[in-house]
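Here you go, one structure.
For clarity, chains are labelled A, B, C, D and E in written order, and residue numbers in each chain start from 1.
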Amino acid sequence: MASIQAERLVKRYNPGAPPAVTGIDFEIADGEFVAILGPSGCGKSSTMRMIAGLETITEGTIRFDGKLVNEVRARERKVAMSFESYALYPTISVYENIAFPLRCRGESSVEIDRQVRQIAETMELAPLLGRRTKELSSGQAQRVGLARALIRRPTVFLLDEPISHLDTRQRYRMRQFIKSIHRDFRTTMIYVTHDQEEAMALADRIIVMSHGDIQQIGTPEEIYERPVNAFVAGFVGEPPINFIDGEVLVQDGEFHFATAGQSFLLPHKVQATPGRMRLAVRPAWLSLGSEADHHLRATHFVTERLQDHNILVVDVGRTRVTLLTDPTVVPQDGQNLYLRLDPDRILLYPPDRSQVAADDDDS
Amino acid sequence: MLQRPVHPAFSTLRYALILLVVLFAAFPIFWMILTSFKPPGDIMVSPPRLFFTPTLDNYVHAIVDKDFLRYVTNTLIVSVISTLFVVVLGSLAAYSFARYNTGDGHILFFILSTKMFPAIAVVLPYFLIFRDIGRTGIGQFLQIGLDKPGALIISYTMFNLPFAIWLLVSFFQDIPRELEDSARLDGLSRLKVLRKVVLPLAAPGIAVTAIFTLIFCWNEFLFAYILTRKTWSTVTVGVESFFTLQGILWGPVAAAATLAVLPMLLFVLAMQRWMVRGLTFGAVRG
Amino acid sequence: MIRSALLGGVAAACLATPALACEDADRVPLTWSTIAGFYTDAMADLVAGFEATHCAKVNIVNIDNSQLYNKQVIEMVGATGAYDIVTLETSEKADFAENGFILPMTDYLADKQELVDDVAPVLATMTTRYNGDIWGLPYYTYTAGIIYRADLFEDAGEKEAFKAKYGYDLAVPTDWKQHRDIAEFFTRKAGETLKGETLTKDFYGVGLMAGPFPEIQDELSGPIWGAGADWLDDEGNVQTEAVEKALTDYIELLKFAPPAALTVTYDGVMNQMKDGQIAMTHGFFLDQWPNAVTTEESVPGAKMGVAEAPGKKAYIGGFLLAVAESSAHPEEAMDFVAYIGGPEAQKKFAAAGGTTTLTSVLNDPELTKPENRAKTGHFGTLLQIFQSMDGFQSNLFNTPYGAKIYNTMQIPLQAAAAGQITPAEAATRLTDEVAKICGGPCPIAKDGD
Amino acid sequence: MAATYATAGTGRPTHVARGGGMSDRAFAWALIAPAMAIILVFALVPLGYAVMVSFRMADLTRGGLREFVGLDNYRTVLFDQSFWESIAVTLKFTVAAVGLEMILGIAIAFLLHGATHGKTIVRSILILPLATAPAVTGLFWRNLYDPQFGVINWLLGSLGLPEPNWLGDIDIALWSVVLFDVWQWTPFVALIALAGLSSLPREPFEAAELDGASTWRVLRVLTFPMLAPVLFLVLILRTIDSLRLYDAVAVLTRGGPGTVTETMTFYLFRTGLKLFRMDYASTMAIFFLYALLVASVFALRPLLRQFTERAQAQN
Amino acid sequence: MIELKNVTRRFGLTTLAIKGLDLTVQDREFLVLYGPAGAGKSTTLKMIAGIVRPTSGDILRDGVSLLGVPPERRDMAMCFENYALYSHLSVFENLAFPLRARGVADREIQAKVTKIAETLGIPHLLERRPGFLSGGQRQRVALGRAIIRPASTYLLDEPIGHLDAKLRHRMRAELKGMARDLASTIVLTTTSSREALALGDRIAVLDQGVLQQLGTPEEIYHRPVNEFVASFVGEPPMSFLDATAEREGGQTALRLRSGHRLPVGPGWAAPLRDPTCRLGVRAAELSIADTADDRHAVPVTVDQVELLGHVRVVRLSLGQELVAVVVPPERQLAPGQPLWLAIDPARLHVFQDGRAVSHPAMPTVH
């Protein structure tokens, strides 16, 4: 078990190029489950690889339990890692894959056999032990990768996009499984992903990264409810948060938000400054209102009926907005609708487009 | 493969060894080129001379007296056309094997097995075949016959096809099937798909195959020696005309050899980017 | 196709001389396959002379010496008509004649007796006669003798030392025993002295052609013939004991030759000579004289000499010009042979540094003037050799399997020289190989004349 | 994801003619037809000729093709000591040359793979020997090997080392030919092995590093097994070429001194093109081909299996 | 109308990718093929496209067999799961490829490519080669190439599976809008339950080469014919509980594996052939409370809690079994916490031997 402290951590691959990680600080407590979340190229993998010791540290320090590990070789850090590509050894059987770390340590065959069978039992891999790695399905391969990592009893367990290739049902199962591993082994776990849902579902805390820098560190609730900037707000949440660009106007000492030829009163607690602003509101924080109450006017585009709820996609002016409704609400195409904003849950950000442009893409 | 930081001493040792390898590889060629500029009195002397007054006489002798550029031209014509044939025929066949598994591997095995027949054993039958073809009208029209380019082109095509097909099959297998399917859905026929999608995608592989074929054709000796006399002799045979009753004319031989090797060296250096891309023959996969 | 037509046109335009009323289009094409080298280059001039007087166009194909035989045989067997005139080594004459690859020229030469008579008789017998017919004319001889460093043999200090060691005077050897002694005497390590000067590199008494080439048997022919034996006896079997004896002596001599002897042929020996590494040769091709004499430039103080081989027995070799049976123009081809083998061409040839086969040219005072020593210094010795050898015949050249034997025998001989097998084993193996090639005792044509 | 083309029951394609022109099967055969035509004519005719000749008396300078002699030639060749000696030489050469080329080539590949600078230029230089004809550069090696005039001995001499008679010593000559072959072909092995190394996936090696695997274990369990297919391919290619070695021997030693470097093909050349015993030569060629075929049925099986597996995985 | 009739497809000797598939795709329908990896979705698409030939069975369009028609003449467009981009062509040329193959004029190509690039949000990438694109970008190019030209049928093999959440939502909406505007048939495959439900007019659920169920999203979701469909459709996946029906004094009750009894109405067990069955419950239809009342009849403990933004998914242990429940995100729960679970017998799906025997009533749509 180990806690991890990173200070002013920088990773630069090419002397001339901008750094992949720009000098970040974070602390991970012993036994904590932390997700590093961000789009591809945000520096999350570099950070994780520096923790693992697979990448040299350009500047700054990483400490395990307060002990500097910058110069400690990967093999001596007692770090296990599960790779996005599984990184199974293609030339040996599943059994040998799981046994590999023990063989490296020179354990006796009897002991190896005992441990492999034991972990195979817990991971439901027993029938697969004799297989070759290329005969495994992705879910199986992932479990073998996890078993191989776990058999070493690592102090830190790093998971790199472990379930991005699975279907809905397997994802749920795998999440449950990883969670139970964490509960049973109480290992410090760092989970790197671009999928906000996994990060939210699994982690005690989330480190949101973009452009090599940390945007926010917080519990899933904090990240979801109080994203510090538009990037975090836009990256977290499914369906994604709605951004509505407009202008904050002061009328009779009250703040109003004007967009697409309409305006509405902003609640008092919203910290607003007059001028162009970008309003963010999650689909779940919107509900259908009425014209009479001066709610936001929108036109229906399509409805996705997910049976237990519906996702309404509507247009407010030229901005596409989604909201969640009861499964029973099914508007007509092109029908006019009125959106009610939850006065307690309105986020306002400066109208900086560059931050959202950053999350243009993914894996 | 993982690259780890290494101790500076190891790094120095590594570069020293690499230097050694480079010297070993380059020295004989360097020496050959050096010799080509030596006056006769500086060549067969002991100890060998590194410093001398360079001369172009050897080149003059090779080019003017021995008409060596003719052999270079011949070789170029024969090699390039053979390579073209090999690449075209080989690509078609390899594609068929790779995509349709034609003959279930048996035909492929047969083709590979032809590579194992020692050339010396077939060269005389070839001589007789081409003599007879050369006497026919078609043979004369197509320049297939003894001391005619066609005979060499056919022989080289034949002898390089197995290797070429072998290489190309793995390249074609690397092209995702979906690319072709997609193009067909877009309305292209099989042949057009081959031309517009498959061949461009296999370009690195085809380039590597072409490079190897060209090198093998360029360096071939036995067939050129038996099937040609003078008019269509190639460089490897042409060099033999420097083995004279006065002994081997080392200077002119060096000049001729340099002339013979230079086009290939330049070509290979120019194509080396492709070589490196295609060199694994698609045989390594994760 | 276009290219060759173009080349042909250019060549014809250059070569056509107005001396003969002959349209270029009418010229009969003749192809002559011959050995690559300076002499063939000189031959190009002669060809021009022929074309000036004959309505023909001669195309010369140069072939490496070691490949000439097989290349020609293939074309002959294939009856391709590719070569009109072929160049044959002494050993190949019987092979080509017996197989009908070449045409007899007896009838053609019947009214040109003076041409035939001018060839040194021993050379004529060995190179042109088989089964009662004449098969062409030799145009070049590589008859063997000794080329040596006269300056060493004449050096007073060396003479004195030699006399002290061997009890007789240092001179050009007249028997193989002396040859061996002299070779031993001149073999020195770097640091020792030669002619009073300290050697900077090893020096050897003799240069030998013991490499994987047929020349090793040319070198061995002298001792074997000198011992009164021949490669093949009259029944067509190898004279095993004579071969073993000669080989044993030869291997003894190898100790005094540069190590490279095991890999070289005549050009290697010449390179050793010109680099100042050896004192003399064994039975060596005298046609190399113009080459050897350049040692006088490359080695300060060197002076070259040439002499008959010890025991006055040496390899008689020459290139026969013959007309291919498959030639489309045998008449013109024979004219060409007669022209090249004739005195006019041979004299030009000799003047260019070629070694002629005609006694009249060898004796030509104009050519043998002292100032021509660099090219003709060996002519006198050649005439002596032809005289000493007069009437000599070797069964090796009178069996139709001569060429094949010639191409095979080097292997056991060289194996013995290199120490792979003993001389006795080599002789036995040679005997077996020859029997295998001939399918029993080799048939020997008795009437060489 | 698995896809296309029917291999029902027998495993044979079940395509039939579709409305749009020829069937896949006909198309597939049409594609190999031109190459097959050339190969059939120019491989099978000479082969047939060779088989026919091997049952006859055939000496080109003694009337060419003559009477039928049954298996006589086979008997002769089987009892021909030189034939077996040449095979021994060939095998010795192949094992030594190919072995060295593989070991050195792989070593060089590792050497280069770990290097950070100058890879491109080194790779360019390594390609040079490949681009030269053995018939031409072999000549220069003869020059380099010359005991008196050669650079190698001069260098050895200046260093006070013994100066061997590279091509003239019966104990060394074959190794000199091997050295030449190693010079020419090691870069080939090295370049391919290097390309193979560079294309290996990174993750398993990182995983092994985290697992604390020793270098030796990584090589044994990961690197070599993963490189095996490509190394095997190179091994086969080099072996076939080495077994057919001719040019280098012809230029460097002509089989000498004696017969210590007389390889199978050189002996074949001597029998066929010097003695013109086409019957023996053809017989030997058939033996040679037969032996190679038998060997390759085993050797090529993994390669072919790899091929068909991939073909099936894709189709 | 495209009909697959008793179609079977084998690979090699042993692998049966599709077993006796009967499937009809209506004109202008948006059909989603939904199933786990290896279900045979792609194979089915490829057979419709004509690039995989059925081992047996027939594929008809408007009653005419398509088997003899090569893919280039089927007037279908396909988007491949692995993108199948031409690595030697720029993004522009990749998008233009289907148009060029049809000899469309350059000016029109320019216009169409520009427009589709706008829709997909990739106008800045047009000059790049596919090798320099991220997975999501490639997928958009692949989708663009499939929909750039008019076709009678669009076959989309997981066309948005590799996009990030935001883009996936956007593209989902775009696809839905496109399906409405185009007069074409669309067949799409996916492994995401949300995508299947959101997009399909009808959904065909496949598993191991066998069609499990074909129906509207409502039917699939509310009337799954078997446990597989039930567990595979909907998020979080349906929970299952083993139960035995017991009759005691005229009262019917279900005894759960945990030993608890769940009273149900009389006649509830009528369709059961024998008393043992499996109960399927959707997470949204369960409720929890801190204290027991008459509804919350079963004691459970919290096993795991996952925040998914607008909902929190809670896994509860009920004896050895786990039940997923959805609660509002505000609801704070800690693992190990004891709770009471209400299971409404009226909202239970009942399965026997894997097959559904009864479903709760469908909700009504306004």
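We adopt the following convention: a residue touches a chain if its C-beta (ideal position, glycine included) is under 8 Å from a C-beta of that chain, and two chains touch if they have at least 3 such contacts.
Just so you know, these numbers come straight off a predicted model, no measurement behind them.
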Which of B-C and B-E has more C-beta contact pairs: B-C
Most widely separated chain from subunit A, with each centre as the mean of CA atoms: C
Chain at maximum distance from subunit E, centres defined as averaged CA atoms: C
Centre-of-Cα separation between subunit C and subunit A, whole angstrom: 90
Length of the line joining the C-alpha centres of subunit A and subunit B, rounded to whole Å: 54
Of all residues in subunit B, the ones touching two or more other chains: 2, 44-47, 124, 128, 178, 181, 189, 248, 286
Touching two or more other chains - residue numbers and ranges from subunit C: 66, 74, 201, 271, 275, 277
In subunit E, residues with contacts to at least two other chains: 46, 51, 70, 72-73, 82
Subunit A residues touching subunit D - in the complex, by the definition given at the top: 52-54, 74-77, 79-81, 83, 85-92, 100-101, 103-105, 148, 152
List of subunit E residues in touch with subunit B within their complex: 46, 49-51, 70-74, 76-78, 80, 82, 84-88, 97-98, 101-102, 145, 149
Subunit A residues within the subunit E interface of the complex: 39-40, 137-138, 167-170, 172, 175-176, 179-180, 183, 194-197, 200-202, 220-221, 224, 234-240, 282-284, 301-302, 304-308, 311, 313, 320, 322, 324, 327-330, 333, 359-363
Of subunit C, residues touching subunit D in the complex: 66, 69-70, 73-74, 77, 95, 99, 201, 211-213, 258-263, 271-272, 275, 277, 400, 403-404, 407-408, 411-412, 414-421, 437
Touch list for subunit D against partner subunit A, complex: 201, 203-204, 206-214, 217, 221-222, 225-226
